[in-house]
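You will see chain A twice below: alongside chain B first, and alongside chain C after that.
Here is the complex of A and B:
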C-alpha cells in the first residue's frame, strides 16, 4: 500500500471519526463535531488527491489505480460533498442524526472514489454498492415525512434491482474474458477478438442496464422523480451531481477503458439510451410544478447528454464529457440552493410558484440560481453551452450525428422549463404574510457562493480545464 | 462464437418459463372450490388457536442484523490469523484498523441504545 491509497484512507477515517462526536452528551461537541470532521477530512483528501496528479500508480496489488481520471473524479466528488455538507448545516434532518448523516455522506464519497479508481470489476460493483447503500439511508433521513421514507424505500428496491443486474453482467464479462482486472480484460478482448461474442454481449447489456439504473438514464429512470422529490434537498443535490458522476465514471472505466476494442458492439445501445434519456427527461420536465421534480427530470436529460460522451468512445468525447461533468456539478448544486431555503419557510416550498419574487428578497441566492439555470439551459458563454457544444461536436465526429441532433433539440426544449423559475423568481412580488422566516445561516451562503463561482470559473477557465480533461481522458484510454 | 454451446442455457430458460407459465395458467383456468378446511394455514394437523400473523418486536430484527455484522467481522479475523505470523507488523496494523472501525460501530450502537431490549 503506498501513497496513492491515501485519499481513500483519509475519507474512510473521516467517515468513521465523524460518527464519534455524536456520541458525546448534547452540546457544542455533538452539534458541531460531525460537520467539522467531515469538512476537514474532505478537504484533506482533496489536497492529497491534487498531489497525486501524474502518472498511473497502483496500490492494493493492482485493485486500485490512481491516474489523472481518478484524481479528477475524486475532486468532483469531494467538491459536491463539501457543498452538500455546507447546505446541510441547518437541515432539520441533521438535528438528532448529525453523526449518521455526515458519516454516511463521506462513506458515499468513499464508494465513489472506489468506482473512479478501481482496477477490476469487483471494485466497480463494490463502489457502486457502498455509495448506493449510504444513499438509501440518506434519502430516508427525514423520518417524520412520509415522502422521505417513500423515497428511501423506492430507491432501495430499484437500486437493488440495478445492482443485481450490474453484478450479473459483470460476472458474464468475467466469464467471457477469464479475468476481473480491467487491464487484462482490455488485452484479452483485443488479442482474442471477442467482438460479437454472445456471452460478452449479454454481459455488456446487463452492465449497461445496471449502470443505467444508477445513472438515471431512460428507460431505467422511473425511480428518479419520486426519489429526488422526497429526499432531503441537500441529498437530492448530492444525488443529482455526485452519484451521476460516479455512474458515468463506471461507464467510462468499463466501456471506454476496458471494452474499447468492441466499441461497435456497445456504441449503438448506449447511443439509443442516451437519446431516450434526453427525450424522456426534457419532455417530462415541461409539465412539472415542483422544482425538485423538475430538476429530477432535468437530471435524467443531463444523464443523456453525459452518455453521449460515453457512447462516442473517442478521446474527444471523453474529454468533453469530463469538462461537462465539472460544469454540470457546479450548475446543479447551485440550482438547489433556493429550494433548500424556501422549503423551510413555506409549506409548499418545493413548488416553483413559491419562489415568486424571492429574487428581490435575497439577491445573492437569486443571482446564483439564475446563473445556474442559464448554464443548465446551455446559454453561451456559460460552461453549459461550451460543454454541450463539445459533446455534440464529438458525437458528430464519431458518426453519431443523429444523436447530436437529438441532443440539440432536447437542449432547445429544455430552455422552456429552465427559464420559467427565473421569470417567477424576479417577477411578481411575494405574497404578504408568509409562514416562518428561516435564517439560512452561513453554510448555505457559502454553498451558494461556491456554486456560483464554480459556474463562472468553469466558463472563464474553460481552456485550461479542457486541457486537464484531455490529460485525464488520455489516462483512461492509454493502456 | 459457437452458439450451439449456449443450447443448455436456452433449454433451461424455456423449461423454467414453461413450468411457471403452466402453473400460472392452470391456476386461472382450473376449477375453484374453496372450502374452510382448505383455506386454513397448515400447522402439522392441529388447529391454529392463535392468529397467524402477529406483530413482533422489532428488536428481533435489530439484534439479528447486529449479529450478522459482528459475525462477518469474526469471519474476516480467521484468515488474518492464519497469515499473521508471516506478515508481521503491517498485518497487525491493518487488522487493528479493521477492528477499530468495527469497535467504533459497536460503541455507536451501544450509545444509541440499540442493545437494550424493549
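Here is the complex of A and C:
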C-alpha cells in the first residue's frame, strides 16, 4: 500500500487516540487532551493531503482514489472540522463527554474523506453512513436538553429512511451496470449506451433522493430547521458546511464522474431539486426570528446554489461549484460562530433580536459576521458574489437559463434576510444592561478570525483558487 | 509612470482609512488624525494633478491607458483583471473627488472638532474617497460594481454617523436598501453583458457592443435600462429619490462631499461612461432623459417649501442631478459632465457655507430660526451669494455656462429635447426662486423672535479657506467652455465619448437660450426678493396662508413616501403580518419591504407543511422521490 490513503489513516488514528485522554482523572489532561489531539491530528492530515496534490493514486485495490478532488475536499472537511473544534472548546454539550465528542467529530471527517475519494459505490454508502452515525450521536449529545435529544432522534429516524433510499438506489445502479467500481460503471455506461435504461434511471432517482436528503436540498429538507436548531451550535455549523460538502462530493463522484454520459437523464431532476431548494430556503428564511433557524433555511438555499453546479454537468459548473463550496464553508462558519457566542452570553442568544448593539460592543465579531453575511448575500467583491456569478453563468452555458434566473431571483430575495441581522447588529441596543453571563472563550475568537480571513482570502485570491478548482474538476471529469 | 501613480492615487486614501480605523482603541491626538486624514487625500490630489497634466501634454488619441495589477478571475472566456483606467473622463472625476474631497475634509477638521469620534469620522471619509475613486477608475464593470457597493456602504456608515439618533439610523437604512436595489440592477446588467459579449472590460464591451448587440434591439435596451436602475438609485432619481433628503441626517461635510459633489453623481458618470451602450438603446435613452426632467421639476418644486437649510440644498441637489441625467439621456454627454463639474463646486460651496451657518448657530438648521445673519457672518454672506448666483445661472458664474449648454443643445436635439429644454427652463426659474428664498431668509430680513441666544460667531480659517476656494471656483469654473469662444471640455472628453453624437446648438438657439435663462434667473430672484426681502420679510408672513393645499402637497414631497407605502408596502405588510407578526420591526423598509411581504405570505405555506413531525419529514422524502422521478421522466 502506498501513502495515498495516509490522511485518512491519520484521521482514523486521531479518532481513536482522542478517546484516550478522557480516561484521565478530571483535570487539564481530560479537559484539553481530546481537542488538542484532534487539532494535531487534523492539521497533520491536512499537511499530508497538501503533499498529495497531484495525479491520481489508487489504494485498497482501487477502492480509494486520491486525486486533486479528494485532496481539495479533504482540506475543506478538515478546515470545517478545525473551526468546529475551536468553537466547541467550551461547548456545554462536551462536558463529561469530551473524548466521545471529539472522537466522533473526527470519525465523521473520516467518513467524509472516504466519500470524497471513493472508487466504488460501496465507499459512497459506507462513507455517508460513517458520518451520519457519528452525527446522530453528536446532535443528541446535549442529552439533558430536550431539543437536542429530539434533534438527534429525528435526524436518526429520517436519516435512516434517507440512507435506505440511497442504498436501494445504489443497488439499482449496480444491477443496471453489473459493477460497483465507479470507473467501470463509467466505461459500461458509455460503451453500452445506457441512456434511458429504466433500471439505471430508477437507481439514479433513488440516489438523488438519498443524497439530496443528506445535502438538505428541497423537498428533502423538512428535517433541517428542527435538527439544525436543536443540535449544539458547533455541530450545526459542522453539518451545514462539512456534511453538506460531503453530500455534494458524493453527487459529483456518482453523477458528474461515473454517470456523466447519461447526463441528459439526471440533469433535469437535479436542476429541479436545486430550484426547489433555492425557493424553499430563501422563502423560509424570510420569516425566521431565530438567527440559527434562519441560517438553517439559508443553508437549504445554499445547497440549491451548489447543486446548480452539479446539474450543469460541465467542467465550468464543477469548477464554480468547488470554488463556491470553499467560499460557502468560510462564510457559513463565520455566521454560526456568532450564534455560538451569543447563546452562551445571553438567555435567548439564538434570536436575531439578541444581536442588537452587539457590533459596537464587540467590533471584531461584528465585522466578521457582517462580512460573512454580505458574502452569503452575494455582494461584490466578496467570494459569494464571484461564486454565484460563476454558477449562474455555468447554468446559462449548460442551457439551464431558467435555473440561473431562479437562482438570481432567490439571491435578490436573500438580501432581505441577510441584511436584517446586520442592521440589528450595528443598531442600538434597546436594553444596554444585556451583560455577559458566560465567557465565550478564546477558541471562538480564533475561530471567528479564521472564518473572516477565509472569506477575505477566498475573495482576494479568487484567481489562484479558481485555478486549483479547475484542476480538481478536471481530475473528476477529464479521464 | 502615470500608471503606477494611478495606484498611488487610489491606495493613499485607503491607507489613511486603515491607519485611522485600526490604530488601537484609544482616540489618538487630533493633530495626528488631521495629518493622516487630510494628508493622504492631499497627496492623492497632488498625484492626480500630475496625471492630469501628463495626459494634457499628450496627443488627444494617446490620453487613455489601462494599468493592470493582477488577473483576479478567469472564467472560461471571461477574464476579469484588477485594472485601472486612466482616460479624460476618469481623470476629470478623480480631480473633483480628490480636489473637492480635500477641501471638504480640511473643512471638517474644524467642523467636527467638538464632535465625538473624531478619528472614526476621518477614517470613514477616507474610506469613502477610496471607494469613489475605485468606482471611477475601474477599467471593467466588476470593479465598477465593487466601488459602487463600497460607496453605498460608506454612505450608509456616514449617514448613520450619529448612530444613537433613531432618525439617522432609519435614514441610513433607507439609503442602503434603495442603493442595494440599484446594485441588483447593475449586477444583472453586468450578467447580461458577460453572457452576450464574454467580456466585462470597458474596452471590450464598448468595442464589441455595436457589432454584437446591434442598434435598438431588446438586449441593448435591457442592458441600458438595468444600468439605469443602478444609476437612478445612486443619483436619487424619481422614484428612487426618497433616500437623499433623509440622508441629510449625516454631518454637513458628509452631505457636501457624498450627497452633493461626488457619490450622487455616480449615476451620471455611469450613463456617460456607457455612452456607447446608450447610443445603441434609443428608447432607454429617452426614458433616462424623461426621468431626469421629471426629477428636476419635482425636486425643484419641493425645494421651494423646505424649512431646513440642508433639506433645501438636498432637494436642490436632486433637481440639479436631474439636469445632468436629462442631458446624458439626450446624448449631451459633455453637457452632463460640465454641469457635474460646476455643480460639484457650487453645491459643495453651498453645503459648506450652510455648515458655517449651522456651526455659528450651534446646530440650528431651521431657516425660520435664522435671519439677518449678514452682519454677523459677512464672509458666509458673500460666498453664499456667489453660490446662489452660480446655481441660478447668472452670468458669468459657473452654473450659467453649464446649464445654458444643456438647455441650448437640448433645444436642438429633436422634439423631445425641445420639451425637456422648456422643463429645464421652468426648473431654472424655480431654482433661482428657492435658492434666493433661502438666501434672503437666512442673511436678510429680521432676526428670529427673541434674537439669538449666543451671538453667531464666524468660523476659523480651516473652515473659511475651503469655502473661499470653492467660491472662486464657482465664479470662474464655467469659463473652461464658453459658447462660441472655447470648447476645452468637448475636446478633452472626446476620447472617452466614443459614441458622442456631438450635438451642437446653432448660434441663434445659443443666444435665445442665454437670454431666456438670464430672464428665468432674474424672474426667480426677483420673485424671491419681492416676497422675502423687499418688505423686510413682512410679505412672507402675509402670504404664509396662501394656497394651503398646494403647499401641503409640496411639503409632503409629492406624497412619494406615502404612495409607495400605500401601494407597495402596506399590502405587502398586511400579507406579511398575517403570516408572521413581529417581523416588521426588522423589515428593511421601502420597496424591499413590500416584496418581502408578498414572499412572507408564501412562506406561511411552507411553514404549514413544516410542523416538526417526523412522519411529515419522512413523507417529504417520499414526495421528493416522486418529484425527482417525475422530473427525470419529463426532463428527457
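Keep this in mind: the second predicted complex is superposed on the first by the 474 of 479 C-alpha atoms of A that agree within 3 Å, B and C clash if a C-alpha of one lies under 4 Å from a C-alpha of the other, contacts with A are read in each partner's own complex, and residues count from 1 in each chain.
We take it that contacts are C-beta pairs under 8 Å (C-beta built on N, C-alpha and C of every residue); 3 or more make two chains touch, one makes a residue touch a chain.
Since we're looking at a predicted model, the values are computed, not measured.
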{"item": "Which superposed partner A:149 touches (first chain B, second chain C, both, neither)", "value": "neither"}
{"item": "A:225 touches, of chain B and chain C: first, second, both or neither?", "value": "second"}
{"item": "Chain B versus chain C as contact partner of A:20, first or second or both or neither", "value": "first"}
{"item": "Contacts of A:457 with chain B and chain C, given as first, second, both or neither", "value": "neither"}
{"item": "First (chain B), second (chain C), both or neither touched by A:205", "value": "second"}
{"item": "Partner chain(s) touched by A:283 [first = chain B, second = chain C, both, neither]", "value": "second"}
{"item": "First, second, both or neither for A:477, with chain B first and chain C second", "value": "neither"}
{"item": "Contacts of A:43 with chain B and chain C, given as first, second, both or neither", "value": "neither"}
{"item": "Touching partner for A:197 - first (chain B), second (chain C), both, neither", "value": "first"}
{"item": "Footprint overlap on chain A, where chain B in one structure and chain C in the other make contact", "value": "196"}
{"item": "Complex contact set, residues of chain A against chain C", "value": "153-154, 157-158, 161-162, 165, 196, 201-202, 204-206, 208-209, 212-213, 218-223, 225-226, 264-269, 271-273, 276, 280, 282-284, 286-287, 289, 316, 320, 352-353, 360, 379-381, 385-386, 389-390, 392-393, 396-397, 408, 412-413, 415-416, 419-420, 423-424, 426-428, 462-463, 466-467"}
{"item": "Chain A partner contacts - residues on chain C that touch it in the complex", "value": "70-76, 78, 142-143, 145-146, 149, 160, 163-164, 166, 169, 173, 176-177, 180, 183-184, 187-188, 191, 194-195, 579-580, 582-583, 586, 588, 592, 595-596, 599-600, 602-604, 606-607, 609-610, 612, 614, 616-618, 620-621, 623-625, 627-629, 631-636"}
{"item": "Complex interface listing, chain A residues touching chain B", "value": "12, 16, 19-20, 22-23, 99, 196-199"}
{"item": "Chain A contact footprint on chain B (complex, rising order)", "value": "1, 3, 6, 100-101, 104, 107-108, 111"}
